[in-house]
Amino acid sequence: MALKIQIINGPNLNLLGKREPDIYGHITLEQIQKEVEKHSQKKNISVDFCQSNIEGEIVNKIQEIEDNAQGLIINAAAFTHTSVAILDALNTLNIPKIEIHISNIFAREEFRHKSMISKSVHGIICGFGLNSYILAVDAIENIIKNENR
Amino acid sequence: MALKIQIINGPNLNLLGKREPDIYGHITLEQIQKEVEKHSQKKNISVDFCQSNIEGEIVNKIQEIEDNAQGLIINAAAFTHTSVAILDALNTLNIPKIEIHISNIFAREEFRHKSMISKSVHGIICGFGLNSYILAVDAIENIIKNENR
Amino acid sequence: MALKIQIINGPNLNLLGKREPDIYGHITLEQIQKEVEKHSQKKNISVDFCQSNIEGEIVNKIQEIEDNAQGLIINAAAFTHTSVAILDALNTLNIPKIEIHISNIFAREEFRHKSMISKSVHGIICGFGLNSYILAVDAIENIIKNENR
Amino acid sequence: MALKIQIINGPNLNLLGKREPDIYGHITLEQIQKEVEKHSQKKNISVDFCQSNIEGEIVNKIQEIEDNAQGLIINAAAFTHTSVAILDALNTLNIPKIEIHISNIFAREEFRHKSMISKSVHGIICGFGLNSYILAVDAIENIIKNENR
Amino acid sequence: MALKIQIINGPNLNLLGKREPDIYGHITLEQIQKEVEKHSQKKNISVDFCQSNIEGEIVNKIQEIEDNAQGLIINAAAFTHTSVAILDALNTLNIPKIEIHISNIFAREEFRHKSMISKSVHGIICGFGLNSYILAVDAIENIIKNENR
Amino acid sequence: MALKIQIINGPNLNLLGKREPDIYGHITLEQIQKEVEKHSQKKNISVDFCQSNIEGEIVNKIQEIEDNAQGLIINAAAFTHTSVAILDALNTLNIPKIEIHISNIFAREEFRHKSMISKSVHGIICGFGLNSYILAVDAIENIIKNENR
Amino acid sequence: MALKIQIINGPNLNLLGKREPDIYGHITLEQIQKEVEKHSQKKNISVDFCQSNIEGEIVNKIQEIEDNAQGLIINAAAFTHTSVAILDALNTLNIPKIEIHISNIFAREEFRHKSMISKSVHGIICGFGLNSYILAVDAIENIIKNENR
Amino acid sequence: MALKIQIINGPNLNLLGKREPDIYGHITLEQIQKEVEKHSQKKNISVDFCQSNIEGEIVNKIQEIEDNAQGLIINAAAFTHTSVAILDALNTLNIPKIEIHISNIFAREEFRHKSMISKSVHGIICGFGLNSYILAVDAIENIIKNENR
Amino acid sequence: MALKIQIINGPNLNLLGKREPDIYGHITLEQIQKEVEKHSQKKNISVDFCQSNIEGEIVNKIQEIEDNAQGLIINAAAFTHTSVAILDALNTLNIPKIEIHISNIFAREEFRHKSMISKSVHGIICGFGLNSYILAVDAIENIIKNENR
Amino acid sequence: MALKIQIINGPNLNLLGKREPDIYGHITLEQIQKEVEKHSQKKNISVDFCQSNIEGEIVNKIQEIEDNAQGLIINAAAFTHTSVAILDALNTLNIPKIEIHISNIFAREEFRHKSMISKSVHGIICGFGLNSYILAVDAIENIIKNENR
Amino acid sequence: MALKIQIINGPNLNLLGKREPDIYGHITLEQIQKEVEKHSQKKNISVDFCQSNIEGEIVNKIQEIEDNAQGLIINAAAFTHTSVAILDALNTLNIPKIEIHISNIFAREEFRHKSMISKSVHGIICGFGLNSYILAVDAIENIIKNENR
Amino acid sequence: MALKIQIINGPNLNLLGKREPDIYGHITLEQIQKEVEKHSQKKNISVDFCQSNIEGEIVNKIQEIEDNAQGLIINAAAFTHTSVAILDALNTLNIPKIEIHISNIFAREEFRHKSMISKSVHGIICGFGLNSYILAVDAIENIIKNENR
């Protein structure tokens, strides 16, 4: 049976490629979605890609996952550093979870070095732009493969 | 005249009883609501019970209370530790307000020991599961009784 | 068989109702004791009520409990914020334990926001004056009832 | 061509003038809006005035500005102190931005002294009640006039 | 009767426009004085404009105000972040007081984010260059007008 | 009518003059008592002088004062830096209270720079050896004289 | 031979009795000077009383003391909390030195709890208004008497 | 002449072996006393073994030692982390002093990592259960032997 | 031309798979090396794999890279949290650099949450066991591919 | 079968007895080795005694132990306060481990109060000079004896 | 053309050699001036040497430099640790600037380890007494020589 | 007799002039060595110049000095901020010791502002590039000359 991965994007990621290209590059979130889907299809993985600027909607989305996907990739953006609610939602979820970031958050302002949600995920990938998403898909696939062994 | 109490539940409490029973027990939010209503009816108290994962909706709910209820019980869950907005909303409300928690937040991770909203409430009750709600209803009733003396 | 609850009161609580009524109200510790006994008798619960200004005597009292009571309610007052000895004594006690406070300690000076003993108790109730004791009796009764189920 | 300024108001500001007049005064947000519009019209400036209790909706609003307004005045209220998401949204916006507050936040509780968004704005005006808005309109007009010189 | 406003400028502001134009712009303190006087005259306000590099002279100046002016605008520059003496002097003064800064101090080095004197003033205006002075004159006028209503 | 002052000495002060004379001098607590009594008698003041190594006994002693003395001098010694219980006892006492120390605690280890009880007293006198007691008697007398004016 | 004591007063003390009587009382610095001189004359002590709002002038004054006085009483006011320069000047002075304050600085804002100069003085007296000066004169006299024994 | 060592045990150590055996083991304080006495007798050392839950009694006990024993072993238990009074008492004592703990306090909660009394002792031994006492007896014997050389 | 990647492993990684399998899994460093080589060969990438327990040898190794490899993958293990020397060495290196960890360091002890070297790398991958290495190889390849575009 | 204990000494301990005798005494590391060997032989224990100034060599040595010794005594000296690598090496070792220090590190500079490795050892012994080693040998022997019971 | 260097000395340096010779040595500021002038004349450098106890006068002096000297040596003494005003003045000055200290400030009290002005200077020289001045003259000469190359 | 100075260079200094010339300039360590030797020969001083990337080797080198050199110049580079081992080695060395840095470490990242070794040296020179070495040679020569006077 084919694998399904939920990919959740946090606030302001809908502006990717449109503003501040010095930090975030020129690729848009739509292009990332396409590239990730293309990459995933080859591996027979379907992806559900969403974005929200509202913390509670991201909590909602995480709550809806359990029966619908076998893995979660989350780029919580600004909420990474402030949201206990997203942490709590992730804590209730028993599937492979990966935290990703487009930029290297540890090379930016001090307040971006702390993630509220890292404790709850299997791994973190950050600093690779679009490729953070691609690598996370591979990582999820690998975790699930190992669990099924 | 009968008393009316507003009970507000914060993010992820809709999952109660469904996930992480080790921390939060097996009772669902629906069951809590029923038990609280049953307990309140005996005292001729009606309760309005709601839940939201969105901080701003909880602020909205608090704003709507003043004319509709004589007491507020709030389990702000994750927002307890981060929300100045809920604190500010509570500060505008001149009725008995009680902060409750299902688990003993002071026996959990360090960041859960700090509540942003405690300053604004009359009292805090935490660690008693469903019974935190029941005790809070009794406490509200008692505060109002004393005020009316 | 009837239930017995030990209630321990810390330093300066013997002055309740006599000084600083703005913070602590007009009710005396003797009146609290009477009200609690009256409330408990209805539930077939006997209470042993004591007070001390000496930390070590409170430790002694806690050590003597185990075979003599099925529940503990402690208002450690000033020692709440400083006593590792009381924490250690509580840690050795395997019965329901509840920390209470007459005032809302989180709405007072910063140093009163930290409790050394919260980690060791089942729940905390604070801010309800005399009613903090009454609610704690109900809470203990409820915990024991659930354990016996 | 006429200038257009977006004015965004954060959580609980819809209660202005209705509650806690000791801190925030007796003027309502509707009255502020009217006064600001009256003041702006004289200068041939149109203002778009909005309020939300939901952090993500404020992010949305900021994202929509760029082509629709030449200046932004933001009273982020409680979100001032907690929102990285609003900071990130502001960072993407290349028009004059002013942070305002009705009260002098530096004369209130310690946690209100820190603003997450100040780094991203051109200037801050706080403590002048309704007049914080009026002065901000003048300041925006002045910045734009200087840029066009 | 005409209004009189005292404007006090702290250390190194006499160099304005002469050095570090990247941070402080090209306008000199003399030009600021002229512009402020021009702006004030239209409103029938006279201004007394002074500058000192010596903390104690600024304290002296503040002490001399009470009978001589109806409002104070202070750009304490470096002393903003270190001077308890200026704070104490301001505390003794019962007229409208406004703290201003030419640059946005919250977007500069960490140690410039803390002001010792904000607690004592009615409002803060920063980040608008010369216009910080102009806006402060308007703000003082507005405060006095409201008081006289 | 003659004045009566209670003088309370904290832990280890019974060793004064017997050990560590480099820090505390060669005078014993008994000699201090005699000197203070001699000094007080001339002013028609009687003093009740006591010492305890037990925090709770000092709390007891403070509680017993109110009707028995018109002023309190307290050298809480080590408890100065740790006791909330003594602070709370002092808070209930509405007579002139003076905190004294034999040595200059601010010139010793860092942890001795913080006093838990200073907030509750009228004044502090430290660093003058025996004379700290003598000056405190004079100070109490002076406060009472002024109150009676 | 008669004793001479230098008394130095820091910034804003020249306003004593004129402003903020709630904190500092109604007595002026001139009245304090007279009372202190009257008290000292009886003991055959002459006092040199001065005040400055300029930190460096206080440093100058301290430097000039050594040959001119046998004791120093310093009320550094605001400079207490910030001045390393005054500390360094005091450190070079080998006569009895006493730090005084009119109000109880430990019962005021947090930043007033820390004194930069306490390390360098023999003792501290605070909270007694005018009497802080009187007691300090007595304390200096006592220290010198003991040294000469 | 035979050597005498005082051994002082702090709060809750009277419960050793009776509760929380996972942390403290199954041996009781009485058994420890016997083992230590047996071990000491072989070395011609007599031990005086005591325990108290009251901080002030421990201070008393330390004060009584000097003429009665040639060495001190102290397991201050909870008071280790909070008691300045015990530190001050130890500071007055000029015989070999050893701080011991049954468990490895540095592998437990953060607040147990800090000892108030370590500064005052010759050495620390912790983590060896009963054997912490035995090793301390050997260590005291060794220190005294070396001093007498 | 074929790509060459240097992979550097820090202290104790030579024990992988031999001890503490609960944290680090059962795979040995030799097996990781083989798997990485196998994965890389398919992509025509050669890898140089080394390990050292000596900080300075890792600095040496990094210094030797520049002409010998086109990418660096570093698992600095314990040195991640303490080594400024490795940070400085990395700072001198102008090729793609990736920091990896086998376990999720952010879900472990507090002191492992801080990396000294993150500032200097392009991206971080942690928590995926062997797969952290594999993903890093893919990531390096991707970075170089994009640079050559 | 005879017991073998590994004793590891950290940086600068090879200078023992040669420099800074005020802190570390006059005994050399060679003499310590001899005394420890003499003491151990009586107990049929052999000791392997080594010293290194290089952190990585100490890590190497710890890694080599497991099959070669039944106990470890480590005086990590300066590395005690900085080395995560030694902590990690100790964590992989399942034999009794004791941390020792010649001086009482808690009575020295603040930065010497924190040990990185205490969490990983069974017990700590410090402040007894040569005897810290002797006591540690006895302690290891005792731990093993108890395990074998 | 001959070089001119401004040398500025901060508070209490006029007492050099007269008081506290243990810390600052026996040489007076006048002797330092002579030695520095002698040393500089050989290199065809003229020096302007000044001292002030008033922070604002030092600011004034720095402001006057730019056209009058090609290098600045500043021993800000106590102001080193507190003065933002001197930092700001230095920031406006585009000539070689060297911060010097007579004693090694990093081996003294904690609060002397932090310099407010180091960020603004080319280099720091401290701990060499008179020679700190001599070395700084050489250093300035060297910087200018290199700039002119 | 000729003077001999040991010069020790820490990690990554062997790369000087080869990488990051913006921070460290274009001069290589070999060139620095030559310039220092040339400068020293004129003064009849021989220098032993070494570099290592291994902390323990630097400790070794410092230990070997005492009989071989009359002065030490150390540029500990990255180890400046982390090495207690080097501090301890320096503490055992009774000859003039100078800490130098090529760049002004106080104008760089926060973590470079703290030196572990400053406490142990006679003086610090930083920010002068090659000239930091030259000035240090002069400073050592001066210290020794003064000692021999």
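Letters A, B, C, D, E, F, G, H, I, J, K and L name the chains as they come in the text, with residue numbers starting at 1 for each one.
The criterion applied here is as follows: a contact is a pair of C-beta atoms (placed from the backbone, for glycine too) under 8 Å apart; a residue touches a chain by one contact, two chains touch by 3 or more.
Being a predicted model, the structure only gives us computed values, none of them experimental.
Visitor: Just to confirm, which listed pair, E-G, E-K or A-I, duplicates the contacts seen in H-J for more than half of them?
Guide: Interface equivalent to H-J: A-I.
Visitor: Taking contacts as defined above, which has more of them, E-K or D-E?
Guide: Pair with more contacting C-beta pairs, E-K versus D-E: D-E.
Visitor: Distance between chain C and chain F based on Cα centroids, please, to the nearest Å.
Guide: Once rounded, the distance between the two centres reads 32 Å.
Visitor: Could you put a whole-Å number on the gap between the CA centroids of chain J and chain K?
Guide: Measuring from centre to centre gives 49 Å for this pair.
Visitor: Would you give the residues of chain B that are in contact with at least 2 other chains, written as numbers and ranges?
Guide: Where chain B meets two or more other chains at a single residue, that happens at 54-57, 82.
Visitor: For this structure, enumerate the chain pairs that meet the touch criterion.
Guide: The set of touching chain pairs is A-B, A-D, A-I, B-C, B-D, C-F, C-H, D-E, E-G, E-K, F-G, F-H, G-K, H-J, I-J, I-L, J-L, K-L.
Visitor: In the complex, go through chain C and note every residue touching chain B.
Guide: Those in contact with chain B are residues 104, 106-107, 115, 118-128, 131-132, 134-135, 138-139, 142-143.
Visitor: Can you list the chain B residues touching chain A in their complex?
Guide: For this pair, the touching residues of chain B are 10-12, 14-15, 18-20, 52-57, 77-79, 81-82, 111-112.
Visitor: Would you pull the chain C residues touching chain H in the complex into a rising list?
Guide: Touch list, chain C to chain H: 54-57, 59-60, 63, 82-85, 87-89, 91-93.
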